[in-house]
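Here chain A shows up in two complexes: once beside chain B, once beside chain C.
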Partner chain A sequence: MTMSRLVFDAAAAMAILFAALMVVHPHPVKSVLAVVVSFFGLAVCYVMLSAPFIAAIQVIVYAGAILVLFLFVLMLLNVGQEAPERDPRPIQRWLSAAALVVFAALLLALLRAHGGSAPAALDPVSADVAPLARLLFSRYLLPFEALSILLLAALVGAFVLAQREKSS
Partner chain B sequence: MTAIDWLILALRIFIPLGVILTVVPMLGWAERRGAGLIQDRPGPNRVGPYGLLQLPVDAVKFFFKEDVIPTNADKVLYVLAPAIAVFSALTTFAVIPYGANLPAAGRDIPLIGADLSIGVLYVFALTSLSVYGIVLAGWASNNKFSLMGGLRSSAQIISYELAMTTAAAGVILSSASLRLPEIVASQERLWFGFLPRWNVVPQFLGFLVFFISAFAETNRIPFDLPEADAELVGGYHTEYSAMKFAMFMMAEYVNIMIACALTVTLYFGGWSLPGFHPSGVVGAILSILIFSVKTLFFVLVFIWVRWTLPRFRYDQLMRIGWKALLPLALLNLLWVAGLVAMGWL
Partner chain C sequence: MIGSIPLGDVLLASGALFTIGLAGALLRRSAISIFLSIEVMMNAANLALIGYGAALGTREGQIIVFFIIAIAAAEASVGLAIFVALFRHKETIDVNKINLLKW
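Our next item is the complex of A and B:
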């Protein structure tokens, strides 16, 4: 086992562990912090897969901006510890069981497809900034632009909603 | 890699780190003497010559003071917060080139911690994480003033980060690289035989936006709303004492140095100087000196501004960030894109 494989496995384990912690932790602020650590582990995984650009974007956009906004809202509302749940409704039990089955099936399919071996690392050159940019602005130009319009629409929507709240 | 390669790598990383940690207390001295100078009073002048030993004495005091952790604080996060602040401040310097290549031990050693292909983005990634130190300090202290300071800080840093990165995008566009050594190399020559090819010349607007945002990102006056003492006692570090408080101060000064080093690298040619072609050990040392002098100049500007301007109001702060700096940064980006498209850059 090489050094980089060891780092990758440790980071991946960290990402999964803290993602699980996010689900089970009763305190919302701690849950958000668990996601931050999980995303950081994910960024390390990207670096070990020779995709440093994706890693940097992962940290800047998700860990550095979106989750800070999550924290901001949670702290502003001063959300405390979650109250212990009442008995879940019957439908919730059935749905969670169904979700578990789907997840297990997906996991099995994934393991069978790769035979338990690690996916090959990307060509370091093709994952770097310039080739990525070239792809984004040539082959994937249409989806790229469509995404930016989608984001703009979301922005305008948020603005309209906020304005309506103010006037009422 | 042989043992000597590892040794060189360790020296490349730890010598600048040591220098930064040595300069930080001196900056504290410079700040207080500067305040004295500007406000027409002596400043610290009792301990040692020119009061130079004041800061080491303060450091010792910090170590021996009682370290209070409030009863209702979240202990783990309360202790973690200053560590995050210092960590994100110190690791940022890794990608900033601080000199020309140094020929030694039969090798051409690049004077940079790590030459990453995503250099500039690495800096922004770490500075965007630094907000957690302040937010967590504010929240974990379980004190309403601290919480308000932490909240203000997160809103402020996110707002000004936008303007800052958009301004820096102009530099990335004109030098066609995210690698900081290549950004330095692209500024080495002259325009029309006399004007340094520094990015500040065509992108003066971008430089202004970047530098003003740097004040907000480091929580300095006139943007030090997160710790506004008149309304928030001490802001996010109200409950911190002894060495943990000192760590926040340390993070602030390291962040100032990083911001200035980055300004120099992006807009003022880094360690290079027009007409200066470093060669050999002497050249490398000279380039380090050039870089230090340029950086220190901007650090002094930070101190100068602190004792000159009053603090903005919170709504003014948000208005400047979103309605003035961000549009100006976009305008700058458009201008640079036009220059690049015309082939003039």
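Our next item is the complex of A and C:
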């Protein structure tokens, strides 16, 4: 058990734990806050997998912008606690049980196939951000620019959708 | 070199997060909570991509995750705008009470 594996496992366990807390907690604001903590744990995982730039993006964009947007919408709509379950909805229960079974099967297949062999190294050379930027602005320049148009379209779309309708 | 992380650990964490997100999307009834569960599933996929990228010694995984995060931002803004518009019409975002497309 190396040091980096220990840190990764602890951060991953934190992410999983708080994601589970999000699912079981009936209050939506606390759900969002649990996901914020979970995403911080994921950012630590990304650092351990020598992707510090993605970790920074995760904290700034995901935890800092997207989830704060969620909180703002919750505040605007004033959504309270989910009412306790009245209809049993057995289909969803069965489907999530089936998801757990599929996960267990995947886990078994994984343990048989890998046996914990393939190493993901954490070293300062591969964690360097400059080659990533070079790749992003040369080979992936076209998708990068297309992304700016997508973000503009999302901005306009969100504005139009959330706009108050004119009473005509 | 500080040490190495086995790919199995990464995939295990990713699979667990994805399963939790899937269960949340199926079990919750508030539309925003379902959306949040979908974000968790997307992050599980991101974790697997970063893990494979690190294990194979390539940066393409990080590039893909960068694009996914940007697209997730766009998707979240539009999705939440839809919820605001929906709440204005129906006064609720409980998915059991929203049945416009159901016959």
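Before moving on, here are some points about what is shown:
What we mean here is this: the second predicted complex is superposed on the first by the 124 of 168 C-alpha atoms of A that agree within 3 Å, B and C clash if a C-alpha of one lies under 4 Å from a C-alpha of the other, contacts with A are read in each partner's own complex, and residues count from 1 in each chain.
Here is the rule we go by: contacts are C-beta pairs under 8 Å (C-beta built on N, C-alpha and C of every residue); 3 or more make two chains touch, one makes a residue touch a chain.
These numbers come from a predicted model, not from an experiment.
Judged by the touch definition given at the top, the superposed model places A:L76 against both chain B and chain C. In the superposition on chain A, contact of A:A10 is made with neither chain B nor chain C. Looking at the shared chain after the overlay, A:V37 reaches neither chain B nor chain C.
Put chain B and chain C next to each other and count what each touches on chain A; the higher total goes to C.
After overlaying the two complexes on the shared chain, residue contacts for A:L132 are found with chain C alone; chain B is out of touch. In the superposition on chain A, contact is made by A:V23 with chain C only, not with chain B. Looking at the shared chain after the overlay, A:M48 reaches chain C, while chain B stays out of its contact range. In the superposition on chain A, contact of A:L100 is made with chain C only, not with chain B.
In the superposition on chain A, contact is made by A:V59 with chain B only, not with chain C. When the two complexes are laid over each other on chain A, chain A has residues 53, 57, 65, 69, 76 in contact with both chain B and chain C.
Those residues of chain C that touch chain A in the shared complex are 1-13, 15-24, 26-30, 32-33, 35-37, 39-40, 43, 46-47, 50-51, 53-55, 57, 59, 61-63, 65-67, 69-78, 80-85, 87-88, 93-94, 96.
Across the complex, chain A is touched by residues 77, 116-118, 121-122, 124-125, 128-129, 131-132, 135-136, 138-139, 147, 150-151, 154-155, 157-158, 161, 178 of chain B. Contact residues on chain A toward chain C in their complex (touch as defined above): 2-5, 8-9, 12-13, 15-16, 19-20, 22-23, 28, 31-32, 35, 38-39, 42, 45-46, 48-51, 53-54, 57-58, 61-62, 65-66, 69-70, 73-74, 76-77, 79, 82, 87, 92-93, 95-96, 99-100, 102-103, 106-107, 110-111, 114-123, 126, 131-132, 135-136, 140, 143, 147, 150-151, 153-155, 157-159, 161-162, 164-165.
If you check the complex, the residues on chain A that touch chain B are 29, 33, 36, 52-53, 55-57, 59-60, 63-65, 68-69, 71-72, 75-76, 128-129.
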